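Each chain gets a letter, A, B and C, in the order it is written, and its residues are counted from 1.
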Amino acid sequence: MTALTEQRARLGLKRFGTPFAVVVVLAVLFLWLGSLTLDSIEERTLNTSYLVERTQEHLILTVASSALVALLAIPAGIAAYRVRSKAVRAFVIGLGNIGQATPAVGVVILLAIVWQTGFFTALISLVAYCFLPVLRNTLTGLEQVDQATREAARGMGMTPRQVLWRIELPLASPVILAGLRTALVFSVGVATIATFINAGGLGDMIVNGLKLQRYPVIVVGAVLVAAIAVLIDWAAGLVEDLVRPRGL
Amino acid sequence: MSEPGVGIELSHVTKLYAGQQQAAVEDFSLSVDPGELVMFVGPSGCGKTTTMKMINRIIEPSSGSITIDGQDVLSLDPNELRRHIGYVIQQIGLFPHMTIAENIATVPKLLGWSRERTNNRVDELLRTVQLDPAVFAHRYPKQLSGGQQQRVGVARALAADPPVMLMDEPFGATDPITRQKLQAEFLKLQADIGKTIIFVTHDFDEAVRLGDRIAVLGERSRIEQFDTPANILANPANDYVSSFIGHGAGLMRLALIPISDVELDAPDATAPAVDADSSLRDALDLLMVTGAERVNVSGGEGSLTHARISAALNKARHPVEAS
Amino acid sequence: MSGSLDVFLARRWEDLVMLTLQHLAVVALSLAIATVLGVLIGLLVWDRNVPRTAALTAAGIAITIPSLALLALLSPVLGLGWAPTVVSLVFYSLLPIVRNTVVGLREVPAHLVESARGMGMTPVKTLLSIQLPLAWPVIVTGIRVAAQLTVGIAAIAAYVAGPGLGLYIFKGLSSLGSANALNFALTGTICVVLLALLIDGAFVLIARYSTSRGLRV
């Protein structure tokens, strides 16, 4: 009994410790901000409507790109798995390695140079950047499903399609979700860089603060973006726990 | 060349884990003679392994005393103590990142032996366990079969020529054929080196085959019976011991009685022949298989019938030292 | 087009080599510091539940923080250039290294440790000659992951005047519209990719030659 309640308490701490810490940090940040006397430059950015707008831009960029990645990369991963070709597999894995080696800032800036600056460029480069890890996780997640389990399902008369939907995808889901979670956290970071190509977001505050030598602006921008990243990672972890098939 | 065994004395040894009501081992007292091979046999979870591990203080006893060669184990530095006790566990525990030679040299290195002395010892031990040093010394554990790894495990435990060996189901993870082979080799080896050995197993057949004496252990490592295999088979102390022996006690006992112990009838050259140094069980086996009335003991001294074999078994019910 | 790539490279290859070496140097320095720190932290926490969970959770949260945010926060304190770059690269390298040290040590089979202790090895000796060598392949993998991470982050660090190839990427941005913009950004990005792949390859070799033959699959 006591062990159970203790375990529950620990689980609660694990589950809600993170958002609690984030709230505390944000509270401290705004208390500190309230105690400062801001000059006109600082006032231009450190007001509610500006902060809300930047945060919105940041979130839209992050969520939209992650949703697009999920829509594109997971089916692509399934397709790559189902063709069962060594060449396709090697290609995907190799591309994934190169993608991992590519600096995000390079992708964003290159695309802005060859195409245009702005929100859509940022969105496309985010999708391009996060596509490969999710694709790779989908492929490896499906491959990791135990051969015996697959064989048992086939032996009971399931069609390959049924095996995919009822057995392989549920069993691969933790790995696929982990890939999506990584993509989400990536997106928050890369969306910060979007400021370089005039796509808005909280990166604006960081860059402006650095340019204008206004420490409070940098701190608020950086802490807000960090808080978003931590919270999104936490929320994704929660979803992972909830969606994971029982027994895994 | 090899240091002979020394006596081990456990008296009133108890192990009580923190936060647990019942002791894992309760008031355990046992005396092992020098050079004796004592088997601890009992079901899993009975505390036999815990009892053994208190001797080299992998597990510290809560109370009681343990002496080796009259010396109080608990007063020694545990690391120093362990360097002089051979230790073999079921998983063997060969270090996968070290060669076979390096594995065997572990304790000699800890004891600060010279390189030459260590190398000589490694070669000698590899030959003792029938592995060619030229072939095996520089291989890695994963390149050896299970049986070979087990032999290296024994060689490693013998490296510093410890007077005492502790063995925790050392052959438990091998297949039946390999296990029998290892057991036979091990008996031969023990005949040469005469260490004092405590050997834990849950396999009663193994206990009968190897042990000089067997301690049948019940819950909390309670000693239900401590005697020679022949005596335990002939006179189980209680129902617990009987149930542990299971069926076929008679056949097991026959396996312990050498033909040379039995009075023979006149030789019969027409009957099938059995080796003079085999056991009554082998003789009975031959009788059953051939359907013959008697088997001739090769060497020409005499022959054996069913009746002779039963008589020998019944005589053995009155305690007889199995050789 | 006046800014053709071969002319561009011919004129700037010395510059490019220097930036590549700088990039390599800042990554190597950061990884060295992070390895020492990370393995030490791993050693301190791996077998204790609460410190281990605390360390891994903290490192897990730390790594989600966008690198530009961290660099910006550091720059008022540490100024510009190498200092904030190295500090942030070490910061991001800690998670993979600590995590893999912990995982590696925990994966060492208990019976091997028992064997070592049973033969009379002291706890320190067991750690140094059994546990760490057995955990080493996993630790190297952690350092390798950290290397991939830091090569990319170092490119962003050029924004706070950090050393390395990021300079070219940002030069491409600042000369947006000029003929050489693409040359700068493309050269910078491709060199980072090549450097990352090269370092990854180097780690395959390091892992191979620093791991006992008995552990190789």
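Heads up, the rule we're going with is that a residue touches a chain if its C-beta (ideal position, glycine included) is under 8 Å from a C-beta of that chain, and two chains touch if they have at least 3 such contacts.
Not measured: the values here are computed from a predicted model.
Participant: So, comparing each chain's Cα centre against the centre of all protein Cα atoms, which one is closest?
Facilitator: If one averages C-alpha positions chain by chain, the most central is C.
Participant: Count the C-beta contact pairs for A-C and for B-C, then tell me which is higher.
Facilitator: Counting C-beta pairs in contact, A-C comes out ahead.
Participant: Please work out the Cα centroid separation of chain A and chain B, and write it as a whole number of Å.
Facilitator: Spacing between the chain centres: roughly 60 Å.
Participant: With centres defined as the mean C-alpha position, give me the chain A-chain C separation in Å.
Facilitator: 21
Participant: Quick one: report the Å distance separating chain B from chain C, using the average Cα coordinate of each chain.
Facilitator: 53
Participant: Using the touch definition up top, name the residues of chain A that touch chain C in the complex.
Facilitator: Listed in rising order, the residues of chain A that touch chain C are 14, 18, 97-98, 100-107, 109-110, 112-114, 117, 185, 188-189, 192-193, 196-197, 203, 206, 209-210, 215, 218-219, 221-223, 225-226, 229-230, 232-233.
Participant: In the complex of these two chains, what residues of chain C are touching chain B?
Facilitator: Those residues of chain C that touch chain B are 109, 111-112, 114-122, 125, 130, 133-134, 211-215.
Participant: Mind listing the chain B positions that touch chain C in their complex?
Facilitator: Counting only chain B, the residues touching chain C are 56, 58, 78-84, 87, 89-99, 106-107, 110, 140-142, 156, 166.
Participant: Which positions of chain C touch chain A when the two form their complex?
Facilitator: 57, 60-61, 64-70, 72-73, 75-76, 148, 151-152, 155-156, 159-160, 166, 169-170, 172-173, 176, 181-182, 185-186, 188-189, 192-193, 196-197, 200
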